[in-house]
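Order of writing sets the chain letters: A, B, C and D. Residues in each chain are counted from 1.
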Amino acid sequence: MSNFASDNVTGISPAIMAALEQANSGSEMPYGEDTVTRRLTAQVSELFERDCAVFPVATGSAANSLALASLVPRYGAVYCHREAHINVDECGGPEFFTGGAKLVVLDGPAAKIDAAAVEAAIDGAGDVHRVQPAAISITQASELGAVYRPDEVAALAAVAQRHGLAFHMDGARFANALASLGCRPAEITWRAGIDVLTLGATKNGAMAAEAVIFFSPDKAGDFEYLRKRGGHLFSKMRFVSAQLEAYLTEDHWLDNARHANAQAARLAEGLGALPGIRLQAPVQANELFLALPDPVIKGLEARGFEFYSWGASGAQQIRLVAAFNTRPEDVEAFIAAAAELTGATAARESA
Amino acid sequence: MSNFASDNVTGISPAIMAALEQANSGSEMPYGEDTVTRRLTAQVSELFERDCAVFPVATGSAANSLALASLVPRYGAVYCHREAHINVDECGGPEFFTGGAKLVVLDGPAAKIDAAAVEAAIDGAGDVHRVQPAAISITQASELGAVYRPDEVAALAAVAQRHGLAFHMDGARFANALASLGCRPAEITWRAGIDVLTLGATKNGAMAAEAVIFFSPDKAGDFEYLRKRGGHLFSKMRFVSAQLEAYLTEDHWLDNARHANAQAARLAEGLGALPGIRLQAPVQANELFLALPDPVIKGLEARGFEFYSWGASGAQQIRLVAAFNTRPEDVEAFIAAAAELTGATAARESA
Amino acid sequence: MSNFASDNVTGISPAIMAALEQANSGSEMPYGEDTVTRRLTAQVSELFERDCAVFPVATGSAANSLALASLVPRYGAVYCHREAHINVDECGGPEFFTGGAKLVVLDGPAAKIDAAAVEAAIDGAGDVHRVQPAAISITQASELGAVYRPDEVAALAAVAQRHGLAFHMDGARFANALASLGCRPAEITWRAGIDVLTLGATKNGAMAAEAVIFFSPDKAGDFEYLRKRGGHLFSKMRFVSAQLEAYLTEDHWLDNARHANAQAARLAEGLGALPGIRLQAPVQANELFLALPDPVIKGLEARGFEFYSWGASGAQQIRLVAAFNTRPEDVEAFIAAAAELTGATAARESA
Amino acid sequence: MSNFASDNVTGISPAIMAALEQANSGSEMPYGEDTVTRRLTAQVSELFERDCAVFPVATGSAANSLALASLVPRYGAVYCHREAHINVDECGGPEFFTGGAKLVVLDGPAAKIDAAAVEAAIDGAGDVHRVQPAAISITQASELGAVYRPDEVAALAAVAQRHGLAFHMDGARFANALASLGCRPAEITWRAGIDVLTLGATKNGAMAAEAVIFFSPDKAGDFEYLRKRGGHLFSKMRFVSAQLEAYLTEDHWLDNARHANAQAARLAEGLGALPGIRLQAPVQANELFLALPDPVIKGLEARGFEFYSWGASGAQQIRLVAAFNTRPEDVEAFIAAAAELTGATAARESA
């Protein structure tokens, strides 16, 4: 198992698979009227220390698009990073679900946006010719594996509040960020000003499960209708909810995330010390972005390691992702291979 | 287990649960690039005796809406029965995914439409003021549990061909219909003129799995992009495909359907003979629609049987659905209870 | 000028053309910030005896679609007559602008719906699987030339209020209806429970001008943004508003409508008395729907009269529309020709 | 008439007003089946030296949005300048009409994009996660008053062709650009690779008239249906077409544009020579963008000159627009006032 391509190449963690089996007994009313889903809402509310409205769905793209569709008008502007998953990896899903809202893309290091950039971009409120400022969306952890701290989120929330914007967090790798921060879930979400969190589980051990969490249930508005007409209301909902329940039980989500983060940290430590390899962003969660010589990339691929190249073609950058089940021995093997290859490369270059 | 409310109150059949477990080993490339999904396409093509493009999704609403969205222009008209699931049970999903196409609803006994009704409704082709005739959609088995025969489908296909319409079959209960007809899958689909089938598995033993099958792969067009932006492309696709693979392997789908159909038939036989109970439609698959005296309904509920009332309020109609795991003893218990209650009712009325 | 095909085959009435010329002097701020548009809002509010929000647009389809888009959620149901212009003559415009809402079509004589039919059709409120009851839309005068009386409108409004629905009136021929009723504008609109009126002028003497009138300005909500992104906010708005201003000044709209109605009444009187000609609906505004023998239709066409055939092909029905500038001598000529042709036909048939 | 705010603060040119009056005689079949509209298509085809499909609409936003909607799939990417009218001034109209396509915004001097920038931005073709490269859109003249030369357009067209993209030109001020270039209409459009031109007339003397011109009529596809359901098909179309016909007759469009351009050039010449005033972009059509001291701006406003401030607040930039009827004496008065004010300002600063 030397696949570092993504955390979604993994299967299902044993605890979550066991939960699926356990949920498979007897009849349950469909479409979320089951006992598991009811328990899940209570569980999320307790974990986040606040009454929440919780909507399980099965993909991150659905979670994000539906969340935004319930938050912004069709002529709204959503401020996000240029690299945001909602902007580059969902084939226009947010535009589709919102009825044509506009993502206003911002730049910023490590795929994070900051309050000043958003503040500078907000424009046109009340001007009928312009899309109307409507929401901020950030990704936690970011698309380059960096983590927003509570104070950074709060600074963005202050901008949101000043302009009457909703504040959305794409938490596809929320557990990795949370494990990295070591704070309580509430601190990095609603206490810092987040209105809606899309909490991912799929990349961190689940089969296909994400929860859209509204921290003010009365603002969930018409989410249920949007979810249904989007084809995202599951008849046998208990099996989606069961994954989320197991995920959040007894720190399973954090245990999985801590493991993945630790493997990424070890990769960063081992690879960052090698000649000719440069980290492109701080490694704060479970992803690494590296620039390294082309022969090294080719050599790693030749030895059977799997990973994605990244950025513009020819940039000689790669992404490595550690997952809940990444084996330390595979990490060490990767570092050793890179060491050997960079040594060879360095030797050849200095020859 | 005396729940006759729907076939989606059930859990997962053992064979499909086993397939989920088996699929949970090792890494697999995401988004359908996995080995299971590849096998599935070959399997479907063999079963249907024709090269097919196969797109797994997880809900029937998604399957139907995406299929229609790829078949009709945003200003298209889709001819379907007034009771069609796409018209009354998807909260406007088809309108959403198609970008505002119009469902032109037709009447017909047993929730089936016929060629003459569609022919009479088609109008306005080439007239810029009118939505443009674009597709016919039928449900197999129908929303009242009736089954379209191949000749009925072929007659509708002739209308479709005459007017250049696409022909879609909502096969949420396709296996039940197929088991009822006893024909080959090809006979009731593409050989009869169907262009696209949404093949349901969820109601018949799967957890959450449907396949959109294009019988002419070159007409699948932009389905993949529509699926992705609709949030219906699963990263860990192997787990959706594995359900479908097990479903279609060694007649599992047909075995499940035959069992459910047999329970429905026994219910029809047993209940149809009771005084004051009238079947509202022929029982050809796994659903029954019954009119019966209100005290009988109340009595059955009081004894713990679960089912939905149906039709306009006060109509004293109910729906019973048998599933792959409906127990014969529960069927007999239901009939016995109804017999007792109708006897009591009849006695009281004749007193 | 023997063209009875539609009231939109006409040109511009002299008073409105004069207004266009008069508006063409000096600079005016664009997009509705001009002096004419400001005057128009005051004028409409006075005429309707209530503060109104007034939004000029240039086509009836735009007016209707935008009004509905501001009134209903994308998963809303709009109850209307099967023959409603929004259902059959706007190529799906309402579905497009609303983001996929559903028109639930009802039947009723003279293309009018009544309270009982709407009440019976309303269903599914609060059920996430169903589109949600959202609005009633009626056409005044109806698509068959009949007129809703205030008590009929009020009865529908009571249904709307009971179910929390918005109530929209498509007034493409509002002036004709108003002239027919002889009541005050307020009586047949907001006093009877109408929330939003799309007031047509184009068919009754304007070039291209309709006003969307919200009787509760605070409910106009996001209409301005929807109008702009729909491409219906005119930069040189003064020229749209000037048409409407002239239209509503010194009873010009009513004078035009009374003339058209009178010509239609004369046609009905003259033609209704002829053998073999039957009126299909009461003639209460400026349209007639007639069944008459095919040789008579052919004969009228051969003499150069223009009109549309109507209904299903071969039904031998035609529509005649009188306009603000229909000449009495053309009306008499038409009657005379029909008399001659029906006489000939009758003679031939009795021969 | 000292209003330099925009070319849409003007009224209607005498020739076009005369054409409206002339069109106002007799009956004409509606919805573009009239004689004027037929003549217009022939006229445009002759002017552009190629058979064209010509669709009159009444606003530029409608023209652009409908053109794009007919050119790109709902998951398409449209490459345009960050300042493009379609991106900043249509309240999301293109996203609405296309069903959620994405505008990918590029930078470039004078609000022009170049081939290299587009080439670098194109990405993700065939990748289901990404919006699909679909069209390039440029504005002629640009939003900063600069003009694309034929070779620049051709270079962009080469990129379009290489990637299979459609090429759209927003010609809201096409006549101004054409007059500036002094070339034939064909040279700067289809001969340079443009597929669809939205030809504006409103800003240059018309009341409300734009033409969407497809240079390959067979690619106009479903434009007619999109126009109708967008509410942009006019019943009394002759009055839109008559404006365009007069506009294009006997060089009226070019005469108007030359006059406006000349006034802008004079303003540039006169103002550019003053101390403390800097032109922000080359003045190649009828717009000027100036940075100038705040007291000068305030002084000009105090003297009754009207214009818009531009760019970020406090940037002390203004836009001046000359129109077909801008009077030379007003231009001279503006320059004289600016001269006086800058002298005063300069004097105060040097004091």
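The definition used in the following text is that a residue touches a chain if its C-beta (ideal position, glycine included) is under 8 Å from a C-beta of that chain, and two chains touch if they have at least 3 such contacts.
Chain labels with UniProt names: A, B, C, D = L-threonine aldolase.
Small disclaimer: the values here were computed from a predicted structure and weren't measured.
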item	value
Distance-maximising chain from chain D - centres being C-alpha averages	B
Relative orientation of copies chain A and chain C, as a Cα rotation angle in degrees, nearest 5	180
Classification of the chain A:chain B interface as same or different, half of numbers criterion	same
Chain centre separation in whole Å, for chain D relative to chain B (CA means)	52
Chain C and chain D, separation of their C-alpha mean positions in angstrom	35
For chain A, residues that touch 2 or more chains besides their own	74-75, 90-92, 96, 99-100, 128-129, 225, 228-229, 233
Topology of the chain contact graph, where touching chains are joined (line, ring, star, complete, other)	complete
Contact footprint of chain D on chain A as seen in their complex	74-75, 88-92, 95-96, 98-103, 124, 128-131
Residue numbers on chain B that touch chain D, as the complex places them	31, 73-75, 99-100, 128-129, 132, 222, 224-229, 233
Complex contact set, residues of chain B against chain A	1, 3, 5-6, 8-12, 17, 20-21, 23-30, 57-63, 65-66, 90-93, 96-97, 202-203, 207-208, 225, 228-236, 239-240, 306
